[in-house]
Structures are given as structure tokens and as C-alpha cells.
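All chains are identified by letter, namely A, B, C and D, in their written order; residue positions are counted from 1 within each chain.
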Amino acid sequence: MIIRNDENDKYTAADQMVVAGAHQIRPDDVVYVGLGLPFLSALLAKYTHAPECTIIIENGIVRTTGFELPRATDTLGVQFMSDQLTGLFYVSSLGQAGHITTGFIGAGQVDRYGNVNDTCVGDYYRPSHRWAGSGGANDVMSFCRRTITMLRQSQRRFPGKVDFITCPGYIDGTLGSREKAGLLPGTGPAMVITDLACYTFENGEMVVKSVNSSVGATLEKVKEEVGWDIKVAADLTDTTPPTDEEIRVLRERVDPRRIWVGGKRTPIGKD
Amino acid sequence: MNKVMTMHKAISRFVTAGDTLFLSGMQHGEPAAAVHEIVRQKIDRLTLVSVLVATANLLIGEGLVDRVLTGYTNQDERSYAVVKARDAGRLPVFEEYSHFGISLVLLAGQMGIPFIPTRSEIGSDMPKYNKNITSVKCPFTGEYLGAVRAVNPDVGIIHVQRCDAEGNAQKWGTMGVDVEGINASKKVIVTTEKIVDADVIRRDPNRTIIPSFRVSAVVEQPFGAHPMHLAGCYSGDMWGYYFDTGPKENYESYVKELVYGVKDWDEHLKRKAEIKPPGYFENFRINAVESDPIITGY
Amino acid sequence: MNKVMTMHKAISRFVTAGDTLFLSGMQHGEPAAAVHEIVRQKIDRLTLVSVLVATANLLIGEGLVDRVLTGYTNQDERSYAVVKARDAGRLPVFEEYSHFGISLVLLAGQMGIPFIPTRSEIGSDMPKYNKNITSVKCPFTGEYLGAVRAVNPDVGIIHVQRCDAEGNAQKWGTMGVDVEGINASKKVIVTTEKIVDADVIRRDPNRTIIPSFRVSAVVEQPFGAHPMHLAGCYSGDMWGYYFDTGPKENYESYVKELVYGVKDWDEHLKRKAEIKPPGYFENFRINAVESDPIITGY
Amino acid sequence: MIIRNDENDKYTAADQMVVAGAHQIRPDDVVYVGLGLPFLSALLAKYTHAPECTIIIENGIVRTTGFELPRATDTLGVQFMSDQLTGLFYVSSLGQAGHITTGFIGAGQVDRYGNVNDTCVGDYYRPSHRWAGSGGANDVMSFCRRTITMLRQSQRRFPGKVDFITCPGYIDGTLGSREKAGLLPGTGPAMVITDLACYTFENGEMVVKSVNSSVGATLEKVKEEVGWDIKVAADLTDTTPPTDEEIRVLRERVDPRRIWVGGKRTPIGKD
């Protein structure tokens, strides 16, 4: 494995994912985030190039200031000094009505057309593997203008076609497949960010957009860990690596307690 | 009408085997004390509607649940509650929605309509396996949307910061699906950190989330949401709880000592304080910040 | 982003001829100052959505309204505004709902769905004359219900007690259709008795009814809801207003002196104080009652 | 005119209406009321036999204590010290979901089957008379278990069939006509209270239940002011007259400022 995940490195592959996620947040974005790396991306963006972005969390939190990075989605720290506290229905309706510009989700699997599986591998009633289900992920992928999926990559997690669509990407990849299903035009997956690469979509199909060479990934390695013969963007580049300043903000301001070291939560503590 | 009673009485009187039960508190202030009492009273054949309620795993593990309407549940081997239920032939049917879908089935229930349209879930495979998600044609635009079926739980339980003796309940902080859930419920049990004078409620009536005539029982139960946090009251220990009830040995010891081994929640808290390291509960104290008052009057 | 600006600028910049306009304040704290400014700027061809907003009669009387979505409006000869509009060939089309129907078209707009089912209006003759009320078959039960079509106003205007400079707005007292109406609107103008520090909002974020990113303009305008009352601020003179703008002579003198004859709301209030008996505004002072604070923190 | 409306009388026909309305409120009722006589009935009931009844007002007020009688539906006095303040959607949803037991509405006209017209006489597009429309009345009549309509009676206001159904009663009087329209079973008009009499419904048709003889009405007079040949209940009685205590509470506690003298609002004053 050539991927940097060593804490002794200046930054890890998880850090690269966080930074790539932050770069997707524009100054005036309304960003829906959940626990884990997306929280880090949103806070990093807020403390660097997007101080005015709005952060929305599904339990009913709307805020424009930073907060202490939590170990769980809803903590008193995440609630504290929010602009608005309300419920799941209200913030999801903001999404359904088209007001959330950028959504982040995790994923069990993601396929060629950006469909996400958080439900099961194999038959629904006799699965060989079960995840916990949609949570808010289906809503995010259904509603947000641009949805960004973040996950660690392996061939198993990048099948050509998922067994269960929990969150619709471009469904079967045909033109207008989302609209045919009843989803609004101008929504859908915009990017997939993994420890190896960043992917965008061309005509509803995932393509390699940039390789995380900063942490040792190569196009060959990327292609190895995809379950189909993935296309490569004509303008393929290296993923923009973290700057020293970004790493500093990440370490000192976003996660000073080192809760999400290497993209995984450190052991139990008080919420 | 004063509706104050003990937890034992509230649960035995208003929760019945076979009920559809709504549990409030999406990762914030869930009615943990009430859930423990339901387990202690072994009220079974429940259908559960909730979003991310941690202590719901006890109901499943103890074989009390037939069906779960959910957006997110550990259904794999890492959760001993699920393993135990499966081994006992008591694994519930999981009826899966998105989180927004759960809020909508409850909103439709609150509104008294049999279904509500949505753009969630429709592009997914969920409708194939959940007969209560389907599609509907908009009678104005002709477009197809998703539709979820309304749910009116037989009983809803909520834990709040303050409530008067008649049942006017006020909660703040994140609201999850609390407002829709309890308002959709036919009977409502309110457990509260503190019973306050009705005038406290009435000087800020916009904060009331359900009025007294909709409430059947009021139970005063300090620390009633522990191990979850509750805004203005205490922080939580969710991951600690998941560890305490995750692996088999932990789970079995927890239910033996802290559910069946105690007569009520006060005893549970006392016993837990003995088991945990010193200062466990003191650790949940918060640095209180007061809101500015609002003005009413005429 | 600081969005504070003058009323003149907020209205000229964000309200456009031909817009569908939502006015908040169902008999409580309507944006009266903003309505007067729209009249002064003669922004016309409006479609109006509101419930029991008293000053809306000026918009109709001055011929600025093409269509009104309403549950209740004086459409007879006793209202000079209607007579004047009719005589000028500017009588709006009245699209009639029940009050609940109006709240539902806005809720559907807020939710981003094209229609919502209901059991109101269906047994009445309203659907015969309003093409935006129809019936829909429940895809689960097979029963027929009513359905109303969603409305997303181009701009919604609300008057509130407090708001920060970025637009996080808080209102209390009766809420009428305010929450649904402004949240359904594409652009939102908040007029407020007082611009407060963001920390006042954030120490009680459950009271925020729309977050800043949804708000285009913030206008500080004390007494901005007069002649209506506003909880915690002042009582009202609704019947006085209806008398002042009811009969022809009163109406014409009102618009001449108190709308076109003043440059802004502060001048309106000053002029009105001169016209009315001494102590007119002092009379609206309330006996203030403070709520208990809530606690947050971690 | 034999009906007592003279202020010098101990009580007027309007007082009798208020008292008859109050008698319809049961101790544990959840009562929806609007401006005018229904406000008086609800407050009278609260101060006499139904101290625990809940009063709901469409602007978003839920309260279990009395309040200063207002000149308008929503005033700071009516809001003050409520149990709950919310909006129209919330309180109407309480109704639609079946939680409001008793609703009171006024009416322009009421017909043989209890249908209420608050919209127009004649053609909708060229009416000979216009009222202001439904307001919340359609919602009340559609949702509440029992709806009580209060109006001053005249033949013109009691047509056999209204030109416009604003609030559905038993529609065309046939069995199940409400349910066929999509309304829930167990809802609908329960009583009509006028200055002359009280009416109930038998098989969906209005019948004279009691005559306001206390204020000088007679069955003959009642029938004169109905636009069809109305049936009379087998157990026809006199309307229970106000007691001295009820009149005292009405004068001293419900309306001490004499705002609604004779059922009409007194001239302008501060809300």
C-alpha cells in the first residue's frame, strides 16, 4: 500500500479527502453535512475560504459559525449558538424545495452511475452484508443541487452496479433517468471523493477527475480499485494537495482534540 | 386536570402490548427512562417508530418488537441486541424509509391525511420492499411523485426540559421528529426533567410543542434522557451506552443490573453511578448560558 | 452578510411588478410599513397571498393587484378599496380557499412539492370556481381527498420583533401562516422592530423562523406593524384603521396624507400622531411581562 | 317583533343564544371559536360548568384559562398567558386529525341540510350579494366532531338550498353524503342556534329542537322565518333559559366592558 495513512506523515489520505471536500464548498454555499469527514470539510472551508457558508445538520441545526468538532452528529456543542434550531422536517424541506446547494454523504458502496448503496449486498431478504440504511443520505442525494459522496475506496465498494439503490445517482445512466423517477432537474451526484482519487460525472457516468498523487496514489492503483473499466476525464489532473495552512487549520482549529484522526473517531469520550 | 403520575403507572396504563409506539429524541433527549420501564414491564409485540433512538435497542434485544419503521438501524452482527432477537425468533421486520420519510409519515399522521407526497425515496429501491412507499400523480402538473402512508402511533413518548402538571410540554434544542411524532400519536406520555408552574409555560407559550388536552400522563423524571444529552440540562454518553450494550456480555450485564435489577430510574441512576468511575454523572454538567427573555403582555 | 437597508431600497430592489407577494401577519404584526412603501412605489400587477392582512386593502384600492389568493376578503360595497378598484377596472380576481387551504398551498410551497392533500374544501362549492383545488385518490386507501396546488411566492414580507443584521428572524405570539408563507417564498424581506446582536438570536435559536441565507433584506422599522398589534411591543388599532380607510372620503384622505404625502414610515407615524387625538400612540403601550429564560450551553 | 332585544330587559335574544351555545360545551370539550357570540359562549361555559375546556382560536391560540373579551379575534389580551401559541396550520391540523370536539361558526345563510353559505347569493360571478368567504368556517365544519352554527334568523338567511356551499353540512341530505365527499364519519353540523330557536339534525335534515320562548319566540314565528316547511322534533321543548347566575357571569365576568351588547360589537376602541 502506497497510500499515506501514517500519523507521522505531514498529512494522511484522510486529510487529503477532507481538503478535497472543503474545496468543493463555495463561499455562499448552503452545505448539508453529517458525521465524520464531511464535518471536517465543512469546518475547514468555514475557517478558510468560505467563512459565510451555512452549515445544515439533519437533526435540525442551521448555523453560520464554527463549532467544536463532535464525536456524534448531535451534541450540545454542535447545537450551541446555532442561528436556528428546528427539526428534521424543516431542514429536509429546505432541501426538497431546492435551497441546499451542496450535500455530503458517506456510502457503503457507490456504482458507475453514482448510485449509493447503504442497505445490503445480495438479496434484500437474505443479504450477505447489511448496512444501517439510508439515514438522511437518500434525502440529500435526492434533493441537493450537488451531492458529494465520500468513502474509502476498494473494488468491493466500487461495483459496476449496486445490488440496492439507497440513494439515487444517475440510476441507469440514461439521460433524464433522475427526472423520470420524479427527481428535480439540476440535482444529483457531482463528485465522489476517496482516499485514492476524486471523480466527477460525464453524461451520468463516473469518471476519474484527479488522482490523489500527493498521498501516493497512481491512476493504475485507482483503476485497480474500481469494479468496472472506468473512464478517465480528458483533463485528468492531480488532486490539489493540502496547503500547509489548511493542515494547520485542520489540526489547530477544526480538530484540536484529534477526534477524527485518520478519518476514524478516536475512542469513547463524553459527547 | 393534573396528570402527574409515576413512570410505572404511566407506562402500565397507557402502553399496551401490540401498540405502535413513537419514541421522540433523535439523538437529543430521548425518553430513556420510559424505555427502560417498558422493558421492565415486558410490554411486547410493539411496532416502533423513531429516528436514531439509542435505547430502542433494548426493546429489540428483549424481544418486545414486531416491526420497526426506520431510516437507520444496526441490523448486523455487531449489535448483540439484533443477534439476541434473531436467536430468540423475535427479530422485527424492518420497514425502511429515509429519515425524511419517517418525518413525513408522522407529519401526515399529525395532519390527519392518509398520505403525503414527496420527492424523497422515489429514485431508490426502498419502495420495492416497503409497501407504504409508493408513487402518486400530481393532479395539477401530471408529474409523478413519491407518496408515503400516514402513521398514527397508538402512543408517543417524549422527554422534555419542562412541562406543567396538565401536560403543556416545552422542549428546545434540536427537535428531530419530535413535533410531528407526538402530535401524530393518539395518546401522549410526557416525561420531564421538571414539572413547572403553568405560568412558566404561559409566559412563553410559543415554546409549547403539544397542548395539555393531547397529553395523557406527565412524569417528572430528572436525568430521564440519560445516556443522551438534553439541551440546558446535561451532556451525554451515547458512545459509552453503545459500548455498555454492544457486545453480548456487556449487554446482558446491563439489562440484568440496570434494567431488571432496579425498580425504577432513580435506582438505575444510583446503581450506574456505583458501577461507573467516580464523577461519571458530574462530568455531564454544562456551562449554562441564559437566553434573553421575551416580552408579552397587553 | 449584512443585509440591512432602508425600506425604500428593500422594496424597490426585491419587489417587482407582476410578482406573487406573500404578506405575513394574520391579524398579528403585519408588515404595514412595507405595504405602504409598495403603494408609494406603485408596484403593480401583483398576485397577493395573505390571511387577514388589514393594509392589503390599500394595494387593492390603488389598483396594484391582479389576483388575490384568499380565504376572507370584503368584496362588497362597504369596502371603498374594492369599489375604487372596480371603478378603475382594476378589480382583482379572487381565488378563494378556506383559511386552512391558504396555509396548505404555502406549506406545499415550503416543502417543495406541487400539491398537498386535505379534507378541507372538498365538500364545498369552492373547487368548482378555483382550479387550484381539486381531488386526489389516496394511493394506499383508495379514498378521495381534496388537493390544493402549491404556491411559491416570488417575495414574502414579514415583520418581526427581532432579527440580526444577517436576517435570522424571530417572531412570537400568534403565528398565523407566517412560517409557511415566508419559508415558501423565493425572496424574503424581513422588517423588524429592532436589529439585535446575533448572539441574542443564538442564545435562543429555536425561536428563529427563517435562517439568514433565505433572507434578502433586513429593514429596521419600529412600529412597523401599526395599526396592528405586535406581541411584546404594542397593541393595535385595527378597527380604527378600517374606519380610516373604509368610507370613500376617509380612504382618499388617508392615502393622500399618510401614504403619498409622506416619504417614509417614520414620517407616516409623525403625521398620524398629529392627525389623531393626543396620546394616540402612547395608548398602545403594554404592561410588559417577561418570560423565564431558557438555558443552553455545553 | 316580540323578541327581546332591549337592553332594559334582564336578558336579550342574543344572551339566550350565548347561553344556549355555552350549554353545548361539555366539561372536557376542545372548542374552536371565532369572534362574536361564540367567544361569549366559550367564556361563559369556562366560567360556569366547563372550567377545564380547551379554547382554540384559528390564528394559533390554545388556552385553558379565560381571557379579556376582545373586539377582534387576535389581540394581545387573547394571546396573553395562553397554554400554546402556534399558527393556523397547527391548530387546523388538530381539527383535521379529529382532536377538536366542538366548533362554532357564524353564517351568512344556512339551509335545510345544514350547509352554510358565507360566499354569495346568486351567480358566483354576478352575485346579488357577497359575503367575505369561508375564513376558517369551512375548516371547522369539515373537521369538528360537532359544529354549531350561530346566526340571527330570517327567512332570507334560512333558504331551502343555499346558492353556494361554503361549509358542507349534510350536503344534499342523503345518507353518507359527507363521507362520499371525502369528509370523515362522525363529523358535521350538530346544532343551529338563532335568536328564535335551536335546531338539531335528524337524518341529515334540520329540525326545530327548542323554541326560545324565554325571549318571546313562538313556534309559529320560528316557522315563518324558515324558507322551507321545516320539521319539528318529536320532543320539542322550550330552550333552557339563562339562569340569573349565567346572566350575572356574562355581565360581570365575560363581558364587563359591554363590548358585545346585544350580540353586536360596540364602537371602535383599542384592541
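The rule we apply is simple: a residue touches a chain if its C-beta (ideal position, glycine included) is under 8 Å from a C-beta of that chain, and two chains touch if they have at least 3 such contacts.
Keep in mind it's a predicted model, so treat the numbers as computed, not measured.
**Student:** Any idea how many Å lie between the Cα centroids of chain A and chain B?
**Tutor:** Centre separation, chain A to chain B: 29 Å.
**Student:** Using the average of all C-alpha atoms in each chain as its centre, how far is it in Å between chain B and chain C?
**Tutor:** Here chain B and chain C have centroids separated by 37 Å.
**Student:** List the centre-to-centre spacing of chain B and chain D in whole Å, with centres computed as mean CA coordinates.
**Tutor:** 40
**Student:** Where in chain C do residues touch two or more of the other chains?
**Tutor:** 112-113, 118-119, 135, 143, 145, 172-173, 175, 203, 206, 231, 235, 286, 289, 296-298 - these are the residues of chain C that touch more than one other chain.
**Student:** Scan chain A for residues touching two or more other chains and write them down.
**Tutor:** In chain A, the residues touching two or more other chains are 75-76, 79-80, 85-86, 95-96, 143.
**Student:** Once you draw an edge for every pair of touching chains, what topology comes out, line, ring, star, complete or other?
**Tutor:** Drawn as a graph, the chains match no named shape, so other.
**Student:** Judged by the touch rule stated earlier, which pairs of chains are there in contact?
**Tutor:** Chain pairs that touch: A-B, A-C, B-C, B-D, C-D.
**Student:** For chain B, which residues count as touching chain C in their complex?
**Tutor:** 112-119, 132, 134-136, 138-141, 143, 145, 147, 149, 161, 172-173, 175, 200, 203-204, 206-207, 231-233, 235, 286-298
**Student:** Write out the stretch or stretches of chain D touching chain B in their complex.
**Tutor:** 28, 30, 52, 54, 62, 64-65, 68, 75-77, 79-86, 93-99, 143
**Student:** Which of the residues in chain C end up touching chain D in this complex?
**Tutor:** Residue positions touching the partner: 26-28, 51-52, 70-76, 94, 96-104, 107, 118-126, 128-129, 135, 143-146, 172-180, 229, 231, 235-240, 243, 283-284, 286, 289.
**Student:** Please output the residues of chain B touching chain D within their complex, sorted ascending.
**Tutor:** Those in contact with chain D are residues 1, 109-113, 152, 166, 168, 183-184, 198-199, 201-203, 205-206, 208, 210-214, 296-298.
**Student:** Note which residues of chain A are touching chain B in the complex, please.
**Tutor:** The contact residues of chain A facing chain B are 58-61, 71-76, 79-80, 85-89, 92, 95-96, 119, 124, 129-139, 142-143, 164-168, 171, 178, 181-184, 268-271.
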